[in-house]
């Protein structure tokens, strides 16, 4: 039950994008179409789960015993950067269409705040190993949920008569605001 | 009798009472006719008469130029004045033979030539039909002889005569079934024989009980022909809907009726086939419903091909006002005509004149997503989505959503509370998608 | 020489408006939205970014020729992370309240797209003085945007600016403005206004 | 902080760094995908309008095609010659100077000249009007006047005149051909900028019909053909055409002789 | 653009227009005004129970909606279309789901937000993703949480009890486990938003809307059905903890939401299957929020959450084209 709550909390109640503002670059950049949005969401979920696993190990097995907690930013980011670059190379090799669809945002997963944020939050909340992984997975699922909903809305908005200055980022932000308003309904769920 | 139908569709007000009780009248021979060499789907015919040449009604003046093409005949006795471009009801001007009537009367080929058709071979019949320039008279104008020669890998087992006339206002087919019952039935027999099918259905909407009764009586002794009553619903007369209703077979998307072993023809076509095969009379005139509140005396007229709309309208007492919309065909799928100088062609099933043209400019609201169009689209498309995609130039997406399956029946635009010209947007989309495919 | 000066001036001013990282390039949105619930927080975050971006741009511009291509991004990030750690610790030591208010978003400067983006797009390709000017322009543009956004949200959400009460006592604060939805809405509005001004000025996006 | 923690920090980061960089460098070898560095350079040199005039999906696709030898720099009609030669340099090609093409609207049927046929109440775009009823103007060959070409132009080089006829800005026009594609009546064509004499009519109807719909329609009278002795103008299918191959540099222009004034000099001689 | 000139060829000017040339006579204003009329029973009952102040709230809201819409259209140099009634509906609906004691400035802020941001930022009528009235309400709920949850008793209740504030039936149950009699719920003599208390009046209007086919019957049916079934399941599990299904249906804004908000054509799916999914989804969310969330009421959130996935639903429930193989 506890794990379920952690998952729901990370996925909906404290949705990464809509309440912590993490992972906004890809959220804005890759939500124009459903297909890429789904792949981005899945890629991020994958990286997030992996990150949660690896950073938990590094933090608790290396940094804490050596009393090097102050190195967390540097070491986490190093781990994440390498991990993402590996994923990038892998995707590029395996699926060119996927690589093309994600475009420059794959390297930007590195700088996806959601991922480092995830690691930092995980440490802050003092989750144990399994909880950490669930937390990472839930956060990824929440990110995927938000970005796919957003992509659906934006596909529809492409046919809409949005006022010129609001086209693109403006209306995306406003839509995100409305979504955030809607997600407030989940408050108190846990 | 069980009443058959298809899913979805609409039921617009019929307005058939204007002409449905008026027997077919013959239009006096006009002073001049303009006969376009392109009156059918396919390549245009090639003129085989010269300027100044005397021609007789029924004489071939244009020869078929390909597999999908058709012959064109003079519709009156007279002299070829010019062969040049002239206005065409479908828009672009085309090569047209202009014939002025000669003084003498216009005796057409008469019933005295009647011959028995039973002795003719299949090939002979098809050849006569081809030489007589018969095309689908419901409006599609697809050359009929091609339809009667289906490819070997598409066996045909059923013929359906389309007597639905689901378009409001139009009564031409209805009157043909009443006034020429036996000829139509004989026409059906010729077609079934030529196709070599065992079963033929005559589908008639149940708003024409008199036609159902008369046709049933006429066919009661012919076992292979069955008259079926269909629910009065638009677009019941569209091929795919008709096949669905009568046989419960679904024509595959992008396919033709012959893919499910069916050939569909219109009442007018059957009549024309009878006249061509038995009476030796090529397609030089056709029954047209002239109707609407914009015309003084609505009538069902037998009109020589090539007669100018103006002459027809004058015969019917002229228009009733200034702001008139003149439509060739029915109100759902017909096209508006910008000039009364254009001629009646083989595909003209009706001339509809509607009053108060200014009121046609309805306020267009944005789509409010009410879903009415989706509920009525007989092809199960999403008309509003297709129209929006087309409007925004997203052709690829439109193609993916099946824009080419639209039969342009107009049901969606009929019900649209926002008055969006959905059909026009979709027509543009279809045109562009086809362009891009090339 | 004059062209040299104008180009430097251009490098500086482009960040303020034309290529404003937040409003025009949509970079660094996470802190923009997260910490602008008050003007002070926005400004502090901006200052932290000015420090980090300028320092890391300088360093990366200096070492740009000796870093192999494959490991450039990790290298950039480590450099950035180092300076961020410095900023984070400094804030925590001298301004504990602000540090607490900004929470994990200071460490998250590491992954702020503006900083990495500038390294990748500019500092790693340009000499030191240009890199510094560019970094200053960008980060000041960022700071200004954040401060204004913070002022707007604080005004409506708490009735004050820089903690000074502005609105009359009877003003009923719009709580939503300091909540997440308010952040999105205010930023969307600001982007819209910026685009509108630009279209009036004839600058194409 | 004591010495040992600094020591540990350095060791930890060093080990971590070593492990990951080793992993990465192995991976980069194993998983490397060869990408031509020239592509990015060429993308920078292409105009970036993604207009598609080259026949590819956009400038990036064009760059790939260029590198793979499927396209030539000259296929891009938009880029200036300086950039084209730079691209050619990157590719190691010789670039041939080509003459700039601009769009010409071959119709004068504005609302003053062309008769009005009917009230048109449908969708206000040329294509839609062309497909349904042909729009409000009488000529079936001429300009409909709803400005599809103007909306299609990515360079803001075509504008509607007061009387509803598109006018090309010959300086801004890059010859990308978007308007040519957009015009359902095909009255816009691309011509080398050095051409100035045009028959501004596409009406192939018989003279009587043509004259009845538009004041400035070509009525195929043949005066132009006779005036140039057949070397310059020819009437084919009811329409006079300029024979640019035979057209001499200094022609006796029959512009003043054309009874409907449909032969016109467009642009200024000498412009490039 | 075309000058009026007599054409020598034609004496009469004819009209060209795309087919079809006959229309059903339906129009957007007709639909919108019908919705307004069907909301009248609920409105009248609201004013009856909560007095003249409720009427003022409604009028202020409608006026703000109309003025906001008109000024935005003026600013965007678009045709002003307030007479088509869509802004009036937004104003009216928003007022009907506000507490009667809400300050007027909040009404203005909420309506302005709903129309300006919820509707016109997305392009105006037909393009909005979220129901403007509900987005306006959600904005108010987040801005003024206390004022939005302060309820006044009805005039009838005030005669019997001397209280300034009361609680809604849902709130009473959630926080105090007090049930309200069904008669009061049906009749509407309970605390709550202006237009949501009288179930009978809402159902009467809603039925008219369904009969006229101005609302898709699938949405209210599946929405209410899901709430009843899920609510029933939980009630069977633990009748102490969870209220019975009838209470779920009648209490709070569910009726108003199901008949008038969820069925908003613009923001609900346009395919039949989509309508079912929409209703079931909204019902499930409602039960989750009501039973497990921090708030007693979840109609508004359940609908706007489903609004947000409507584009996705539409996309994945495209009907199969006749004869299409998959």
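Residue numbering begins at 1 within each chain, and the chains themselves are lettered A, B, C, D and E in the order written.
The rule we apply is simple: a residue touches a chain if its C-beta (ideal position, glycine included) is under 8 Å from a C-beta of that chain, and two chains touch if they have at least 3 such contacts.
These numbers come from a predicted model, not from an experiment.
Shared contact partners of subunit B and subunit D are A, E. Of the two chain pairs shown, A-C and B-E, the one joined by more C-beta contacts is B-E. Of all chains, the one whose Cα centroid sits at the greatest distance from that of subunit B is C.
One simple way to say how far apart two chains are is to compare their mean CA positions; for subunit C and subunit D this gives 42 Å. Rounded to whole angstrom, the centroid-to-centroid distance between subunit A and subunit E, based on C-alpha atoms, equals 33 Å. Subunit A and subunit B have Cα centroids lying 60 Å from one another. Computed centre separation for the pair subunit A/subunit D is 43 angstrom, with centres defined by C-alpha atoms.
Counting only residues that touch two or more partner chains, subunit B has 335-339, 357-358, 360-361, 366, 391, 421, 424, 427. Counting partners per residue, subunit D has 17, 20-21, 24, 28, 117-119, 121-123, 128, 132-134, 138 as the residues that reach two or more other chains. Residue positions 9-10, 13-19, 117, 121, 123-124, 127, 139, 142, 314 of subunit E are each in touch with at least two other chains. On the subunit C side of its complex with subunit A, the touching residues are 26-27, 29-31, 33-34, 73-74, 77-78, 81-82, 84-85, 88-89, 104, 107-108, 110-113, 116, 176, 179-185, 187-189, 191-196, 199, 205. If you check the complex, the residues on subunit B that touch subunit D are 82, 84-87, 91-93, 335-339, 357-358, 360-361, 391, 421, 424-425, 427-428, 431-432.
Within the complex, the subunit E residues that touch subunit C are 103, 105-106, 109, 117, 121, 139, 142-145, 147.
The part of subunit A that touches subunit D in the complex is made up of residues 58, 62-63, 66-68, 71, 74-75, 78-79, 82, 85-86, 89-90, 92-93. Contact residues of subunit A toward subunit C in the complex are 18-25, 28-29, 70, 73-74, 77-78, 81-82, 85, 107-108, 110-113, 115-117, 120-121, 124, 163-174, 176-178, 180-181, 184.
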